[in-house]
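Chain IDs A, B, C and D follow the sequence of writing; residue 1 opens each chain.
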Amino acid sequence: MNGLDCWVGIDLGSTTTKAVILDSEGAILGRGITNSRSNYDVACAVARAEAFVDARFALARRTLEADAELAPRTELLLPVIAASFAEAKHGAALDALRAELLVAARNDFYKSWQPALDRVLGEIVDEMEVRAPALFVPGAERKSDFFRDLASSSFMQLSEEAADPGTMPQDVLIGMFDKAIIKVENQELEVSFEEHVGQALDRLLEAAGLEAGERARAAELMEYAVGMPLQERAHVGTGYGRARLPFPKASIRSEILCHGLGAHATFPSTRTVLDIGGQDTKAIQVDERGIVTGFQMNDRCAAGCGRYLGYIADEMNLGVHELGPMAMKSTRKVKINSTCTVFAGAELRDRLNLGQQREDILAGLHRAIMLRAMSLLARSGGVHDDFTFTGGVARNPAAVRALRELVTENYGERKINISAASIYTGALGAAIFARRAEDADESTEEAAA
Amino acid sequence: MTETVPAQRDASMALQKKILGEHYHALAQAPETGAKTAYTFVPGNLTELIRSFDMLPVLPEINALQSGMRKQSGDFVREAEKLGHSEDVCTYVKCDIGMLKGGNIGPTGEHIPDPDLLLLSYTGCFTFMKWFELLKQEYDCEIAMLHVPYQGGGEITQEMVDYIVRQLEESVIPKLEKVTGKSFDEDAVSERLALSAQAEEDFVYVLESAKHRPSPIDGYFGGVFYIGPIFSAFRGTQAGIDYYQALRSEVDARIAAGKGPVTPAGEVTDERYRLVVEGPPNWTHFREFWKMFYEENAVCVASTYTKVGGLYDRGFRHDPSKPLESLARYCLGCYTNLNLPQRVDLISDYVREYSADGFLINSVKSCNSFSAGQLVILREVEERTGVPGGFIESDLVDPRYFSAANIKNRLESYLQMIEQRRQPVGATG
Amino acid sequence: MTTTCGIDVGASTVKCVIARSDAGQNAERLGQRFERIRRRDIAAVVDEVVDTALGEIDLTRDDLDYVATTGEGEFVTFRTGHFYGMTTHARGAVELEPEARGVLDVGGLHARAILMDERSKVLGYRMTSQCASGSGQFLENIARYLGCSLSEVGELSRQSQEPEAPSGICAVLAETDVINMVSRGIKTEDILKGIHLSMAERYARLLRAAGVKGVILMTGGLAMDTGLVAALGEEIERQGVPAELRTHGDSIFAGALGAALWGAFRHEKLRERGVA
Amino acid sequence: MASTVEELVARAEALALDVDLTGVAAWKEADPARRVVGYLPVFVPIEIITAAGMHPVGIIGGTDQVEIIRGDAYFQSYICHIPRSVVELGLSGRLDVCDGFLFPSTCDVIRNMSGIWKLEFPDKYVKYVDVPQNFDPEIGGNWWRHEITSLRADLEKLGEIEITDESMWTAIALHDENRRLLRNLYDLRSERPWLAPTSEVYLMQRAGLVLPVQEHNELLREYTEAATNSDRPLMDNSRIVLAGAFCEQPPLGLLRTLERAGCWIVDDDLLLGPRMITEPIIDPEGPVGDPVDALVKAFLDKAAAASFIYIDEKVKGAELADMVDKRQAEGVIFAAPSFCDPALLDRPMLARALDERGISHISMKYSENTGQFQTIREQAGTFADALKLWSDA
């Protein structure tokens, strides 16, 4: 079987690590994301692995759609396979969590809480396992894509229920979790793709969603997609942590250039790009070639970035996903003053105590963030058509709404692009750089030959 | 400028160090020799007039920047803040106050005598006024104020000149006479002004040598050394003339040899970016800062900071035939006394005249006189010249405000951007 | 003798002290209690803390002559009067440590250095303001990330041999820095000590700027963090602050205690004037 | 029926927060020949604008109402807040009603802003007004005469009118009256601060920035009378003088916070510009001689101390300490805008003068859009506590 050439871009962000795989046509084959964690190599490897899995799905989709018989069943097959795969990964991580929790509980420091500690921890994980499948029903809403967030949220809840101030303080349980989760997320968990395709197909068969003949055909096609060798020709890294990537210097690009290029590739007529990530905000102006002509970024202070929302979400015991939709329900304007991320939590509490609605407060917070972004945009040269909003915060509908309002109020009507995959913009730019560099090398080689 | 000569240096640099060292020595000896001292400022200084009364000028700004270069300023600034000075204000002032409280030991390690006169000839910055009001609380000495109007309307008018000349005649000169017991000698001033004009000629030649490709000098980092004598105590002196002659021949030799500027980290051999720079440098990390440019083969061909003590390259010369009026016009014409449109014009002209690839603003936290409006300058100059502007932020002598990683990141991204824009259309599409 | 209650409502914790004294002098602490707020309704936490503390010593709110609030306690409806944080911390500190002439109060979000005289009159102070870098909250976040509980932090930090400081001052960016450090294999204790040192550096400057001299008592919740206290001791020496740092097992109650005592003092004043 | 204090305060608050200058726009629309001239803090001779039949408008920032979007693109984070809100007002068209702008010599920021205005609003009249720092009538006086005369000529051109000496005297009389009324109000506040708290007095003053002087005089009269006759209960707070707030103004919330924390402000340098001349310009016997001379003399002889004016041979801080004595204040709160060089550089000198006279003081910073007052409340409250617990103890 002839393999497929591909190029990889990796954006090692402060909060999330993203990977994008391009094929020889420059089309996106796969995307992967994970939370950046203490071990950058692992984060990088996980994002890359996820992107390759995603690429497999893309190949599978291509194959299925090209098959006369199965094409109509694509939308039935793929989500189930994906969900099954995700659930399996989650299960593997839970296993690891269980093991690490028990290791943590062995520490002498916690001797006085034993043996109850082991038991309570075990019960919590049992319950987490029980709840897991519900998370992975195709189409289910999850608080986050990341194991850390999902596990943390249910652990918090379960540990609160299990805790007792005298005999088993919640602080102790949380302490166990904090210790264990670091270990878990720094392991690369092996989950076999092939195996889960098979399981998913069986499940569909059981649920009578699929006929036996279709199953066989599907298995055949999937085997092809899964077996296709993917040859990584080159990679480029970018992002906040790029200096720490295990790449040679030539394979590292400034994140500003990558974001500019990535946005240009997605929306060729874009001239202004705003990227709001976990702890930095960039306003970039690009020309018709995607070349950066001006930029501004915040520094020294993380006020008004994605982390700010993260703090607020923690404070309210919500996932970052839920903040935007909640803020969209606001009916009254509230002006938020805190510029500091850490103080925002305190202000939130103050205002809740004053009886303000949390929807309104949240809307005010989103506007506050966007006001800061507007300043950077103004500094970088304004907002020009088309305007593209990228980065994780572009996934947040309330942030997008606040931005739209402010842009229109201050610059008039602008075409605003928001790509569903906006969080991958930097990684995409990096992948394009990887492809280009390779082209350039080849052309020189050819010239020399 | 004395202690901090770069590792690799020209002969002129040694000469500069020598004459400045002699000046500090003369100051230290003042209690014995009976010489009187006038504290005064660089922009709009009246050196010839001061010297005509045989007084020695002391320039607190220079002391402050020297402390910065010798990494003492951080302590001085903190000391002043402990005394109730705000974190927010100009660090030159705080550095000076801290140094004063620490015994007023100058950059050569010798004591700087107390002032006999605080000569507040303040051009282009309100902080100067506060500075000497503060010093006046420390020293029981005479203070003379020379109010130099701002070129708000973009020009020097006769009324401004007359106002200054009247102040010189009625308040500054009488104070000088009172402090020294000598009487004003207009001819003596004229003689000195003639000497000044001579040095000014060579100084301008040196600055403009950067129009050559490759530029033989660095007009910002290197320029800081070239302005030393003429901006401080050496106008109207033979030592000043000698220094600039020597410098000029050195530059001529470099041009003839097709050589780039000498930097502490080595000689620039492959000039890749020609930049015009606006704003004062950071002193606490001066070498580190310069090295970032060196590593990218970026040469600063012109700068506005080297004009704070006069816009000689725009034609101004001290004029012995009209001494007081000439001093008045000098004070009025210093860079920080220009209004914003004039500054935009000047920088745009530099970009064209020096064939620059870009211009960079180093915005310092301390100095509102420079900084307020720089973002407008950035956009206007970009628009007028079509070359990209860069923007970095630091401070003069407060080491807490120098983030090397940050500045390097911005500088690199900026230069990468210039590089990317150089490529013909299509090459990257 | 007057029986008074001091309530200190902080950003993260509510503290309460019940004391009997003679117009604030010769005080005897009858009871004390603190409770983390943790996203709960503050008024409810206040009620719970006060009533539990009273219950433990068989008293009720009716037995109190004066309820004095401090911190963010102005909204407490059953208060008699309010005193501001520095007034109460200074008083509480002198009560806990009679030799103290300075206070360093580090709580959930703020830090402040207070200079006072032997009567606990505030003579000068410095406080951190709009930036939360180096606050209790910050330390908590880092500790969580490192997977250790607050009670372990001090112990660990004091074992450090090669402290590694975070590069920036921002509480949020420092978290990333910490992630970085973990990835470079820096030991937990060295990271903690580095952070303690960088916090201590700021606090020592605060103390210097406030002009403190002599014995200073550390108050607020972070006084319980022995690692921070040790680091602060080192920094005070390094920066040449002419001060000797002490802590007290009940440091976290300093504000509430001070409020209770000032309350007694005011009660007496008002009684003299025939108001109460 | 006379208005109540509450009504007057509400009216003043509406005017003070009218960042869109709707009142001024209405005034201008009434007659196409009308002109509006904006002036920045701190001091310009507004009499000339009034004499020209124009409406002087004090442009003092955007309060905490105006969201800064483009303003930050003009000023770095380490520059005070007022210029960015003024730029925001300008770029958003809220200052379009102004035909001209005066930028007085206050500090380097306002100075450089005059150039920004020239670049950004090339069609507007812009003048930098350079007050003298030399107080000899023949030297600094001449310079100031020259500045006033050229401003007069410029305004004549702008309004296509002639400014007669007679109209000058009339305008001076109106502004003399305005300053008298303000001084009256300050006296009332100092005597019985609970009747006219600073949070209200300030609004009355601020309303004057956007009202023609005649109307402002009327408002001041009404308020002073209503406040004097109101039956508000006495409150026993500490008496303090507020210093450092002459240019960028603190948000109303800050003034209210100080009052709530137990401090009566019994004198201040808020909105100093219109009160800068401390005595009547016109002699008791009536106008004599040249009105320009009278203006020059007023600045040289009757101007309040301010940090942007050279102290000459005077002692820095003496005026402040005298003010504390005169108002029987118990202490001073320095409240200066963050990054305000003139105010912050003065602070140590003022502190020294106060220390020498045994007056206690504290210091804080703000910006016009400061929204969190915990720290401020804490500081002011502790200060008030100390005055309260230790004075009658």
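Here is the rule we use: contacts are C-beta pairs under 8 Å (C-beta built on N, C-alpha and C of every residue); 3 or more make two chains touch, one makes a residue touch a chain.
Quick caveat, the model's predicted, so the values are computed rather than measured.
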Max contacts between which two chains?
B-D
If chain centres are mean C-alpha positions, then the most distant from chain D is chain A
How many angstrom lie between the CA centroids of chain C and chain D, rounded to a whole number?
41
Chain B and chain D, separation of their C-alpha mean positions in angstrom
36
Take the average of all CA coordinates in chain B, do the same for chain C, and state the distance between these two points in whole angstrom.
49
So the centre of each chain is just the mean of its C-alpha atoms; given that, what is the distance between chain A and chain B in Å?
51
Hunt down the residues of chain B that sit against at least two other chains at once, touch-wise.
375
Which chain A residues reach two or more other chains?
300, 343, 379
For chain C, residues that touch 2 or more chains besides their own
130
Category of the chain touch graph - line, ring, star, complete, other:
complete
Partner chain B, residues of chain A touching it in the complex
254, 256-257, 289-296, 299-300, 379, 381, 436
Where on chain A does chain C make contact in their complex?
14, 36-40, 104, 109, 171-172, 174-175, 178-182, 240-241, 244, 279, 300-302, 305, 307-308, 311, 315-317, 339-343, 345-346, 349, 353
Sites on chain C touched by chain D in the complex:
72, 82-87, 110, 119, 121-122, 125, 127, 129-130, 262, 265, 269
In the complex, the residues of chain D that touch chain C are 261, 372, 374-375, 377-379, 381-382, 384-386, 389-390, 392-393
Within their complex, chain B touches chain A through residues 375, 379, 388, 391, 403, 406, 412-413, 416-417, 420-421, 425-426, 428-429
